[in-house]
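The same chain A turns up in both complexes below, where it pairs with chain B and then with chain C.
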Partner chain A sequence: MPKRLLGLLLVLPALAVIAFLFILPLIMSAVGAFQVEGAFGWGNFTKTFDLYTKDIIFTVVIVSLSTVLIGIASIAIGGYLTLGEHPVAVAILRWLYRWPMFIPFIVVGQILRTFLSKNGMMNNTFINLGLMTPLDAVSFLDWRGIVIAFVWKQTPFVALLVAGAMASINRDTIEAARNLGASRLRLLVEIVVPQVAMTLTVGLILSFITMMSVLSVPLMINAQSPTMLTADIAFRVNSYGDYGVANALGLISLVLAASVAWIYLRASLKERA
Partner chain B sequence: MTAAHNPAARNPLAALWWVPRGIIFGPMAFFIFGPLFNLLIWTVAEKWYFPYSLPLEYGFSSWARVFAPRGGAMESLTNSLVVALLTVVVSLLLAIPAGYALARLKLPFRGLILLAFLIPQAFPNLTVYVNVARIFYEIRLNGTIPGVVLVHVSHGLVYAVWIATAAFSAIDAELEQAARNIGAGAFRAFLDVTLPLAAPGLMASAIFVFLESLDEFTGSYFVGAPDVNMLPLLLYTTAAGGNYQIASITALLLLVPSLVFMLIVERFLKADVLSRVGH
Partner chain C sequence: MERDGFLELRGVASRYGATQVLTDIDLSIAKGEFVALLGSSGCGKTTLLRLLAGFISPSAGEVKVRHRDVTYLPPDKRGMALVFQSYALWPHMTVAQNIGYGLKLKGISRTEIATRVAAMQSLLGLDGLEARKPSALSGGQRQRVALGRALAIDPEILLLDEPLSNLDARIRLTVRHELRALQKRLGITAIHVTHDREEAMVMADRIVILNAGRIAQQGTPEEVYNRPASTFVAAFMGAENVLFLNGAPQGDQFAIAAGPANTACSVPLLGRPLAAGPVEARFRPEAARLFSTDDIAVIGPGITFGGEVAAVSYPGGHWRHVVKLGDHEIMADAERAFEPGARVAVFVPAEALFLFGSPEAASASPISRAPSEKVHA
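Up next is the complex of A and B:
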């Protein structure tokens, strides 16, 4: 059929870019992870687990903690935007929360690096307000800095999705529960959140995968051990030209991301069944 | 509106609700705008060291250094803009035919094809860039502008194709049919009728692709550096070298387009297109 053929021809160039610049290198990385000096074997993985087990755990803990915090914050923001009763307060929040969304990760790394350091603006402000003494000031540029950077940057994105989904919920159930005397917190937890659970999960999974692949934030905020797998991969390639271990680390982060996506797929299949 | 929805009219004590609101919104504003304000101060700080919480001297000497003809920053700025514009052109050249086909022509596996463009966003991509750099090294694309553009295109294509598809499917197919009926060829009808109508949506996709390219760090780090210097790489190297003034000015240069586009993108991305994205 010529029309079908024409359609495929029009799509083909764009698909070829994805195939050659993403899928082919992805396969190369999976194959390369098992290649040790030309032969196949588990060598890269034994070396990876010897050197980087701590960083693998560190990455999982950091990204999971950030995901949980992003989830809580976006439910709170979306919930207030949906159930908030004072129009001015809702408008203030709506204006306020979105700012970090379009700020690039590398810029987030730079501005939080100066903001959170031992003599940074956050500690200085607390000291000037009398909330703490200069002796108590500590730098947040470790795992906490990475978590703060992730939550700072990703919350607006998930909150935007969640707030959008909450806005399209049928208001009748909310009003009915409100008339029965349910508190706003109970409305949020028992009526609103279950109805946007799918959107929330999608947003959190996309955030999880994004955080797994961000290189600039760990490089800018905390590149010392323990650090995130992305920083390890970059170090392995740039300092040793060791593609085997880099690919093994890449495959491990791929498996971590895939297992999260698997949870989502199972949940969505259950919902459709 | 019932009385329960407007407690202020009923209860003068309702103003007290601004206390807990202030306790939440105040620190939130501090954590959102504090780092941004801090960045602005750094761009004009001449002298700033411990234990002073504000700079001792202000001035624009760092700006002069960034924009000096031989400063290196101008080279990064030019490279970043050239790469971003080329990325937009290449992405649209690929996405317009693909989006038109996905929106109008009966395609087998349409859903799978749409999903394929999401792949670069759905996998941790660092290991992919490492291997792209290896391939490019073999074919001598590593450290060249076309190499960086190709990497950015693969990453930005999902915005380009998905928004272009949505833009084309938001247009009434009968308009094109009408042009065909009065004797216009298929290509003519597309150029004169469909393309201009899709222009706002295509503009929105161009904006997204431009921003993705401008802000992209990982791909440029592996494929471009050290031969092709870009703004994000300059930001990274100057910050690593402890030059916070230059780093902050570079960060500001990356930040402003993102914020401006955030404010205007709603003008191009209308609800009728937005609701069709990904379908």
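Up next is the complex of A and C:
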């Protein structure tokens, strides 16, 4: 058998998996978004925007806010791991910060549900410490709960990438700035972070897309309206069997995710130029 | 020159874990002096420089600048700027931003920074490159940006950590002179770490040779080259030929007894603390002179060895011979080539013959221990 044919044969199973399990369903659902009772049209999208504009904005705001907070937290963690001068504190942080990464989203939702509710552990602790009266206790099980869950779960992942990148930058560049009198904060902001900007961007974009697709957290923490697009898609399919609107919502999610990926592609092209 | 007190190190020691990296370093550097810290890798020269810069604290001793104790001051409060071996330029900043960063940290106004950066650029021949990123510069340009970044803050002391070792051999030769000329012009005190003997000789006012964390010798290039204080310094400064002789001091002369390869002779003692008995003799290949045994002539005080040419090569400028003297081989240069197998006389002038007492000889070279092992065997 010719060598080229053999090569094709070897990649065929992988290609087939991608084609039949990924590309085909994607095209089908994209096409489905434009089908209303067998005919092509914008019906699903008008319905989607009528019903879910608020949820689209809610999703974008929550995920963007979470991304910003994850960025800040992971820079802080990576920065302390790189520049921290207390070896014991650095060792403890290094050991601690990764744990949430190994906890599934659904468990995170469950943990935070008991932690953040009106009678949850957080409020009870504050009340017992005398920092708050029981009357002031409010439930965090709304958008704030989702943001807390996302940041808690995704920060370790981004921090892991960022800390790795920070560890591999030339230490001399840090010491050169110290030699000229840069403070710890300036070292982090002006010397270290710019050198890991690309890794940070990649981590945040991957997080953004992950958060766009999480269903369990909004269902566990915030089952009211407005909620996130994933919950709406599940609701459309499970309760109404309405694949048209679900597909339209899915396509909107895809556009949102793709727009972030585009930012990344542009940045990486610029860096290579 | 205020020889005492500009930059002083007193009993400085440094440990890294259980390893003693530096021991008992005493050094006094004058204002405007160019000092080279010379040593092979692992001798502690970079540690000493980082200790001066303030990146590490000594385990003992003190560092003073103008009689002010700076031992535990942070790096930026010492009036010193360091040029790194890797240059350590910030890849995300332009040339102008790199040079101006120290000024920015000092809170100097933007227009003032711009003028000073421009002045530094023209001083270093970096005009027109202000908007470039370091990745778009040549090695020599990067090195000058690193130098400009250090000089921009107007430091009293410039610390140079092998700044030339990443340059092409040809550029390195010109940069040596440029750097030295610049240092003289600015009147800045410079401490230059290098493992390159020639670089240290050409650039420095004073050479400090480090060996295993201690100062082996310090002095002008001429002193360390012509009057090495120990076998280590002699070997490090190129006197690789080593022979063992017997002799005894006689007045202001040292009388060398005839040996298997050499005739009896005597050389001026020049205050060297040599005792009667075995001595280690070292000399450079280029200091030796070769004669065929027929036309041997006494040219002056010195020692003459008899031997046989084992090999000859031409490294450029002169012929290098490997000469077998008894059971030792030495290298000797000559204007003309001698055929392998030819009987030759090797003459070493007294001033180029470095003699060291036997205790040091015994510890410095494994060859010298061979006879005693034979005795025990």
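Just so we're on the same page, the second predicted complex is superposed on the first by the 267 of 273 C-alpha atoms of A that agree within 3 Å, B and C clash if a C-alpha of one lies under 4 Å from a C-alpha of the other, contacts with A are read in each partner's own complex, and residues count from 1 in each chain.
Heads up, the rule we're going with is that a residue touches a chain if its C-beta (ideal position, glycine included) is under 8 Å from a C-beta of that chain, and two chains touch if they have at least 3 such contacts.
Since the model is a prediction, treat every value here as computed from it, not as a measurement.
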Check the residue A:Pro25 against both partner chains and state whether it touches chain B (first), chain C (second), both, or neither. first
Looking at the overlay, does A:Asn119 come into contact with chain B only (first), chain C only (second), both, or neither? first
Of chain B and chain C, which one touches more residues of chain A? B
Should A:Trp152 be classified as contacting the first partner (chain B), the second (chain C), both, or neither? first
Which holds for A:Ala176: it touches chain B only (first), chain C only (second), both, or neither? second
Using the superposition on chain A described above, determine whether A:Asn247 touches chain B (first), chain C (second), both, or neither. first
Contacts for A:Ile263 in the overlay, against chain B (first) and chain C (second): which applies, first, second, both or neither? neither
So, A:Gln195: does it touch chain B (first), chain C (second), both, or neither? second
Quick one: classify A:Lys3 as touching chain B (first), chain C (second), both or neither. first
Taking the stated contact definition, name every residue in chain A that is touched by chain B in one complex and by chain C in the other, in rising order. none
How about chain B: which of its residues touch chain A in the complex? 5, 7-8, 17-18, 21, 25, 28-39, 42, 50-51, 53, 94-95, 97-98, 100-102, 105-108, 113, 116-117, 119-132, 134-135, 150-151, 153-154, 157, 161, 211, 214-215, 217-218, 221-222, 232, 235-236, 239, 244, 247-248, 251, 254-255, 258-259, 261-262
Considering only the defined contacts, which chain A positions touch chain B in the complex? 3-4, 6-8, 10-11, 13-15, 17-18, 21-26, 28-29, 32, 85-86, 89, 92-93, 96-107, 109-115, 119-122, 124-125, 127-128, 134, 152, 206, 209, 212-216, 219-220, 230, 233-234, 237, 243, 246-247, 249-251, 253-254, 257, 261
Note: in the complex, chain C contacts chain A through residues 53-55, 74-77, 80-82, 84-93, 101-102, 105-106, 149, 153
Chain C touches which residues of chain A in the complex? 170, 172-173, 175-182, 186, 190-191, 194-195, 197
